[in-house]
Structures are given as C-alpha cells and as structure tokens.
Amino acid sequence: MKPVHDMGVAELAAALKSRALSSREATQALLSRIATHDPALGAFLHVDADVALARADAADAVLAAGHAGALTGVPIAHKDIYVTADMPTTAGSRMLAGYRSPFDATVVARLNAAGTVGLGKLNCDEFAMGSANENSAYFPAHNPWDRSRVPGGSSGGSAVAVAARLVPGVTGTDTGGSIRQPASFCGITGIKPTYGVCSRYGMIAFASSLDQAGPMARSAEDCALLLAAMSGFDERDATSVNKPPQDFHAQMRAAREGATAAQPLRGLRIGLPREFFPAALSADVNAAVRAGLAELEKLGATLVDLSLPRTELAIPVYYIIAPAEASSNLSRFDGVKFGHRAAKYDDLLDMYKKTRAEGFGEEVKRRIMIGSYVLSHGYYDAYYLQAQKLRRMIADDFQQCFTQCDLIAGPVAPTVAWKHGEGKDDPTQAYLADIFTLPGSLAGLPGMSLPVGTGAGGMPVGLQLIGNYFQEGQLLHAAHALQQATDWHQAAPAGI
Amino acid sequence: MSLTPDDVSRIAHLARLELQPAESAALLGNLNDFFEIVGQMSAVDTAGVEPLYTPLSAIEQVQLRLRDDVVTETNQRELNQRSAPAVEDGLFLVPKVIE
Amino acid sequence: MPTSKLIRGYEVVIGLENHVQLSTQSKIFSGSSTAFGAAPNTQASPVDLALPGTLPVLNRAAVERAIRFGLAVGAKVAPLSIFARKNYFYPDLPKGYQISQFEIPVVQGGAVEFFVGSARHKVNLTRAHLEEDAGKSLHEDYQGMSGIDLNRAGTPLLEIVSEPDMRSGAEAAEYAKTLHALVMWLGICDGNMQEGSFRCDVNVSVRKPGEPFGTRREIKNLNSFRFLVDAVNYEVNWQIDEIEDGRKIQQATVLYNPDTGETRAMRSKEDSADYRYFPDPDLPPLVIAPEWVERVKGEMPELPAVMAARFESADGLPAYDATMMTQSLATARYYEAAKAAGAAPKLVANWVMGEISKRLNASGGEIDAAPVGPALLARLIGRIADGTISNNAARQVFEALWSGEATDVDAVIDAKGLKQVSDTGAIEAILDEVLAANQKSVDEYRAGKDKAFNALVGQAMKATKGKANPALVNELLKKKLG
C-alpha cells in the first residue's frame, strides 16, 4: 500500500472502505506529517489531534458497520474563514484571536456529516483579502515548490496543505480568485462553483455577492467528491440556490454525446478570449497554458477565438464592489460582542477606533477605507453604482461568449508565484495580477484551475476553465478527461 | 480625482479606525493610486444598464426567498457569549453610552 | 384643509415617523422569539448577535403585515422592493449596520384621515418600509459601563413616514392616535406603547407663512400622545425664540424630557451622518406578486374608514360619530352589538361617546370589559325610547349598572322610583295648577318672552319631582298656552 499522504481523496476513501487501513491510522499518519513539515510551510493555524482522532474513531465505527459514504474517514482541513464549533476561528486576523464560534459553517457541517475528519484550520490572508497569504496576521504560508515564494492567496494555507500532501483535500473560498490562483501557484486542482451553489452560512463574509466556497485537492475527481458533499440549498442563506446537493462525481464521469474513448471531449468548444492572452502574460505561463490547451484538443475539443472586451475593467469594478461590501461586513468587529477589544481607551468612540486599529491589518484597513469611500455620500453613483452596472455588462459579455463556446479557457494568473515580499511595496499593482480570475467572479460563474506543468523556476502553472452557470459538471468532466490523459496533476514538490 | 488628508480623516472616522500619522500618509498614497486605476471605469457609458447586485440576476429574476414565521431558536446565551470581551448579568458591557 | 393656526406669527410644520413593531412570533431576519420581557440576551441568536458567518433570512409574516398596512391606507404595494444597509456604529446595532429599505420601500404613498375636534384632516404618507429594530442600552452602572441587551435586535419594524402635512401638536397627536388605532385594528401591532411597540419621532419646523420650509429638528422616541403634544409645544416655542434672537436653527435630533418638559439635542448622533446606504447583497429583491396582495386584501378585516362610511349611510350616523365608533375594533363591535339588540344607532353612539367614554378614560379600561355590555345598554336605551324614564333618570340607572350595584335595568328603575309620569291626564292636571300659580310667567310668555316657557316647564318638573315626561310636558304646555 502506498503511503497515506500520496493517496488522493477518492483513493483514500476506497482504501478506508476496504479496511486496508483505518481512519485513525490515516489521521495519525497525516498529523505526524503535519508536525514534521508544516513548521517550515505555515499551512496550518490550528491543529487539534484530539478532536481529529475522535472524529476518526467515529468514522471507523461507521466504516466497520458497513455504512460508509464516499468520504467517510477521509482527513481534510478547513480554511480558517469557516467557523467551527470545536476549533477556534481567526480568519487569519488578530481581531478573532481565540474566537470560538457556537456553530459550524454549513459547508463544514456537511463535510462532517459525510464522515470527513477535520484535522485543523488553514492559514489564509486576513479576512480573505490578499493574493499571497502574506496578509495573515499570524505568519505567512510558503509555497512547497519553493519556500522562498508565495503560495498565492487568499486560500494559501489550503493550497499548501494539499500541495505538500499534508491532507488530500481541503476547503477554500474564492471571491476574486482565492481558490483558483493558489491552486495554480501550488500545482493543485481547485474549483469555485456557481455563486449560490454552496452555502455561505458560517463563511466569514468578505464580499457577500462574490464569496463562494469550494474544494481544493490533487485531482478533479477529488474535487468532485468534496463539492458534492459541500454543495446544496441551505435555508439559512438567502442567496443559496434552491437546488439539492448534486452528484458532481457522476456528472464528471458522464460521457459526452458523440464522445469516443480516444476523444472524450469530442464536440466541446473551448473559447479563448484574446484579452486573456495579452502581451503582459509571461511567456512561460503562456507556453504551459498552450500545452494544456493542445492536450484538450487532442482529446477532441475545438478551440475558438473570441473576445471578452471588458476584461481589464474587471479590475476597477471588482476593487470597488468587493471593498464596499467588505467595509460593511467588517463593521460587526467592534469589540462589543466577540473578538478583540482594546485594553485601553477613553470612551466608546475611542474603544471602537483602537479596537479596530489594533485588530485589523494594513490590507484590511486599506480595503475598508476604499469601500467606505466609494459608498459615501456624493461618490456612490460615480463609483459603486457605476461598478455594478459594468458588472452586468461583463456578465452579459460572458453570455455572448457562451453562444459560441461551451467553456472558456485561459491562464489563471499572468505569472508563476512570485518571491516573498515582492508584492508588498505597491499593493495597488498587486490587484492587477487578478485580471484573469476577476471577470468570472463578478459574473458568478463557476471556474476551475488545474495544473498544466511548470514555468519559470520550475514553478507550477494552472489552466483556468470557466463554465456557464451551473455547469460545474462540464468543467469537472473536461478537467478529469485531461487528468486521465496527462500526469501534470500528479507532480509533487521535492523534499516533502 | 485626488483625495486629501481631510478625506482620509473623514473616512477613517466613518469606519471607526484610529490611524497613526504614518498610516494616514501611506493610505492617502494608496487611495490615490487606487483611484488612478479606477478612473478608466468612469468613462464607460452605462446608460440604461441595470446594476448587477446579485450575480444570478444576469440570467433570471432572482427573488428573495422568505421563511415561515416560526420561533426556531432557543436560549443559547452562554454559548453565544463565550467569546465576549465583557459580560455581566448576561449583558454585553461597553463604555458608557451617552445620549 | 383648515388653515393653520399661527403661533406667535409662525406656522408650525410637522411630519411624523412612526416605528411600529410588527406582531410576528419570530424576528424579521432570524428565528428568535419576539416576546417582550425575557432575560437579557436570551432571545439573541447568532444571527441577532451578528456572529461571524451569520446571514439574514426574511420573515414572510413581516411582509404580509406591511402589505396589510399598505392596503389599509390606500398605498401602492411595491411589486419589487430592495433591502438596503444603513451603516453606522452603535453598541445596540450588532452588525454595525441596520437592514432597512432606502430607495425602493415596500409601501409607497397612502393617506390617513382623522378628526381634530370636529374638523376633518387628511395626512398623506410618503412611504412605509420594513427594517429591523436595534437592541437596548441599559445605563445602570456596571462600573461606569453600559449594559447591552440584544433581545430586541431584529424585531420587525414598519417605519411609517408622513408628509410634513401637520400644522399643530394637536393634529400630530390625533394623527398618531389614528395610526395607533389602525395598526391595532389590522392586527399587525399590539400597540403597547409602554413596551415600545409603537414609537413616534416628530419632525418640527417653523416658518413665517408663505416662506419655504424651515430647518427641522427631530424629537425622537415619544411614547405617549400627551408627551407628543407637550414636546411639540415646547420645541415650537424654543425654535421661535431662537429665530427671534437672530440664530439659525441647526438640524438636530432631540430628546424630550417629561420631567422638565424640555427638548434637548442629543450628543451622540453622527453629525449629518453618512449612512452609506447600498442594497444588501445578502438579500435579493423582495418580489410581491399581485396574487399575494389580492389574498391579503381578501383576508383583511373591514377597514375603519369603510365601516364608518357604512355606519353613516346605513345607520344615518353623522361622520364624526361614525369615526368615533370605528376608533377600535372593540368599539365597533360594541356599537354593532347594541344596535343588533334593538337600540337606535344614534343613541348608542351618544352613550358610547359620552358616559361610557368618560368612565373608560378615567379607569383606563377597555370597552370590551365594560361593566355595561351592549345588550344591557340597549335595554336602557329602550326604556328611554319607550318613555319609561327620562334621559336624566337613565344616567342614574347607568351609574348603578356600571358600579355593579345592580344588573337589571327595570329593577333599578323600580328601586329608585325613576319611572317617569307619562299619563296625559295627570300631567294636564299638574299643568293647570302650575299655570294658575304662575300668571306672571304666562303673561311674559304671551308677551313674547320664550324664557318664560322654560320657567313654566321647570315649575311643572318641580311639581312632579322631576318625574314628568319632559317631552310630554312641553307638548301639553304648548297646547294649553295656545
């Protein structure tokens, strides 16, 4: 039997079901691996062996009784943006140091109910704001492929944990690319489903009309299994789409009409927006993405040139809407009911100001300031309202594209992962690197990142696939087909 | 469009953030850089376009789902207050509120 | 519209904003109970406390009550309305924003009619919208701190905004009373002002007639109609004093202190607060289909205005009486029951507006618990109508019934010997005696002094110890005098 850490979610679930090993054994193996390797990687903010082993034992009982589901006993971990009742939740912030939620996030509860074993909480940029996991108030996370480089963000810890094979699958969140970009930078697979497919209840809100939950793992198949358990209508989220949980794994496997064994993607039209291949796209990323696209063509897909003309506008539009919503969502952090409160203050106003100054990091403050400004009297129409109108135009542009293709493909990010500290001087410049993931986020469309080899410095490159609303099955199917025919997704960083 | 230090103070007050002088200065720079990027957005003609407040309204009329008028919550005060900074007699304590 | 009464040469302009707690079981955005009086924070769920990750889900019953209100005031019920966040920091506002409605409220327009004295008034409504209530601050000293109770946070409110159509404190109070009665009539609010179910904010400004509106100040959280009138009167005079002293009125929010009788500007309100309203991304647009509005319309109780119109046309009541009989559902039921028991409508109305109302105001009781029920009143009225007793005697009987001395009309009449004399022959005999003994009055009457007639009537009543049927006395005396 191969080492536990080399098994993906599906593989491990099968091994557990066949009782080749117990959940306790798997959990212990990974806990020990985390203890050995994570200090140098910074993926975890919190690990709780007792809680994990108790869950593992419960899973083992279910496995022994023969009632196992698709995920019973599989160790995973959760981005620390999801509240958990049995472990602290910090959202990567000092504001919530030691916070203990009285309830579990819906996504967590569903994965718990499916029998997964949560090992701990994963590092992330503070309140999900960032693209490098350097905005975590605790410590940065490091890319396992090259520890002098960032893993991406904001689900940086999540990506690291999977890439370093500390856990086979994790939860992340994606608001402007925070699942897809770290998946790309760390050479793993991640999917952000259509807005509303997963419940946001218990996901600490950053930008309410953009935030979505999604899994990250080492294959599309693993993502499909996790997403199936995570997704589905939740009455506690008014933006939750009224669809029952879907069997994404079955959708992933379902053969296309007209497909053959050699050409499983026959008839699939993949659109390539020319704006996704600008001059600024680095050559190494372009090469890897083209290689990925070539493989898709071999499998029967047709590549179609098209245009998403307002791609660049997605940057100001997103960076107006997201901070605006965030500035309001973060007002609840006021030192009154939970979280940090300043130790010294003169009066109520002073308490508010010091508490929030002490509890929030620089990037969070920056976005609160931007957000408050664009909503303020006299600026609302020019900024916020204008941005929401452009947002509709961008969504309409996608609908136009989908009359000519079934999926849209392109890079996830303009470059591979950069070195620590490089993004820090000019935060505004860093926003520009989100250009390829933002449009899909604004439209609420499902998007995936899957590894297609390496670029500069041997760093991973991700291929982005964007589907139309509720086409997660089609995305997973295409990704799975690619991963059956290639082995990019099986590469692992050396030395771990 | 250029922000001034007064703008920064006003917004910081609205957002209840105490900023150190160095922070304020840095933020002023960040905000002005940011609004440079945003400038291109204003030029686009959006006449007659409805804002997209929730993404799925791009393809359908999204309606607010309602819940039935039933009491579903029980008293969980201890649990809900376990991360509170200051509690006494079940009340959250704050610096005196002067009206 | 009646012309405004000026105060010291100034016209008073008043608009009201009423916050009405809707009588739902659970809160507007969470499943917590709305019951009053629970121990602090025992009805405050994670959603109410704004714990990280919580989200709002709208209570259907709150919307239904808003629809009912909109229909009752002849407003437009918006087929699509939007919830917006009103952002500000305050300890009783857990999220740091209130979910309210801004640009597109659920109810638009409408009007409320009522009487001030005998003059009919109509106040137009701007809008009514749904929002959540905040929690409470308790200022008992906790080592210099305030205690925050979030039980009330999330209670559904309907904020009803009037146009600045009112021109006096009295008018504002009558408007508020009418609105108060209406929301209770509709069953959408329990109207308990002590518990804060119905709150009044009053916007007051003054101007010289013909000039544009002056700057207004807002008197917040009045929970008594008496205080409303007093507060407005104080505020008006304060504003006039300021203006006469050469100072400009600054927009402000003020509180009324019933002990001192003064209004004073609040300190903590954000100066020209920038609430940064934007549509709440957690709540898609509220769609109210015509079918829903129709169903609510079908289930509505007959509205007071409609019922009053019916009393006017079918029962011949004057408009004022009809309005009084529809002040509350209980009053209307009482009136209808007395009518059904055979009493003449106008007489029932007179008794309800007079003797019953007087006693209820003094005792603070409700008409549906009145010691004299509709059937009993009808019997009493019957005895006046059939000439058994006079009006004066009836009042004595009524008092006996109300105080619980007796429960039967005829028994009281007998016991107190109140039966009036209606025997024509007996009265004629007495009149003959009175005329004989009062020649002077007879002559004066013949000379044209009508007052002399009354004097003769008085003598006749005295002679019968008040028991003569007054109407008969009048009739027979007239005949005798020719």
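Note that the chains take the letters A, B and C in the order they are written out, and that residue 1 is the start of every chain.
Operating definition for what follows: contacts are C-beta pairs under 8 Å (C-beta built on N, C-alpha and C of every residue); 3 or more make two chains touch, one makes a residue touch a chain.
This one's a predicted model, so the numbers in the text were calculated from it and none came from an experiment.
> With contacts counted as defined, which of the two, A-B or A-C, has more C-beta pairs across the interface?
Answer to which pair has more contacts is A-B.
> Please flag the chain sitting at the greatest distance from chain C, going by CA centroids.
A
> Closest chain to the overall C-alpha centroid, by per-chain C-alpha centroid: which is it?
Given all protein C-alpha atoms shown, the central chain works out to be B.
> Take the average of all CA coordinates in chain B, do the same for chain C, and state the distance between these two points in whole angstrom.
40
> Please report how many Å separate the Cα centroid of chain A from that of chain B, as a whole number.
23
> Mind checking the centre-to-centre distance between chain A and chain C? Centres are C-alpha means, answer in whole Å.
58
> Residues of chain C that touch two or more other chains: which are they?
46, 49, 51, 57-58, 89, 91, 148, 150, 274, 276, 281, 283-284
> At least two other chains touched by the same residue of chain B: list those residues.
Chain B, residues with two or more chain partners: 14, 16, 51, 53-54, 64-65, 67, 76, 80-81, 86, 92, 94-97.
> Residues of chain A touching 2+ other chains?
99, 101-102, 209, 235, 238-239, 327, 331, 334, 336-338, 348, 352, 372, 376 - these are the residues of chain A that touch more than one other chain.
> Looking at the complex, which residues from chain A come into contact with chain B?
Where chain A meets chain B, its residues are 98-102, 194-196, 209-210, 235, 238-239, 241-242, 312-313, 315-317, 319-320, 327, 331, 334-341, 345, 347-354, 356-357, 360, 362, 365-366, 368-370, 372-373, 376, 382-383, 385-393, 395-396, 399, 426-428, 431-432, 442-445, 469.
> Quick one: in the complex, what on chain A touches chain C?
Within the complex, chain A touches chain C at residues 82-83, 89, 91, 96, 99, 101-103, 105, 200-205, 207-209, 235-239, 324-325, 327-328, 330-332, 334, 336-338, 348, 352, 372, 375-377, 380, 384.
> So in the complex, the part of chain C that touches chain B is made up of which residues?
It comes out as residues 24-26, 30-33, 39-46, 49, 51, 57-63, 83, 89-92, 137-139, 142, 144-150, 255, 266-268, 274, 276, 279, 281, 283-287.
> Can you check the complex and tell me which residues of chain B touch chain A?
Listed in rising order, the residues are 3, 7-8, 11-12, 14-19, 23, 27, 30-31, 33-34, 36-42, 44, 46, 49-56, 58-59, 64-65, 67, 76, 79-86, 92, 94-97.
> Using the touch rule from the top, collect the residues of chain C that touch chain A in their complex.
Of all residues in chain C, those touching chain A are 46, 49-58, 85, 87, 89, 91, 94-97, 148, 150, 274, 276-278, 281-284.
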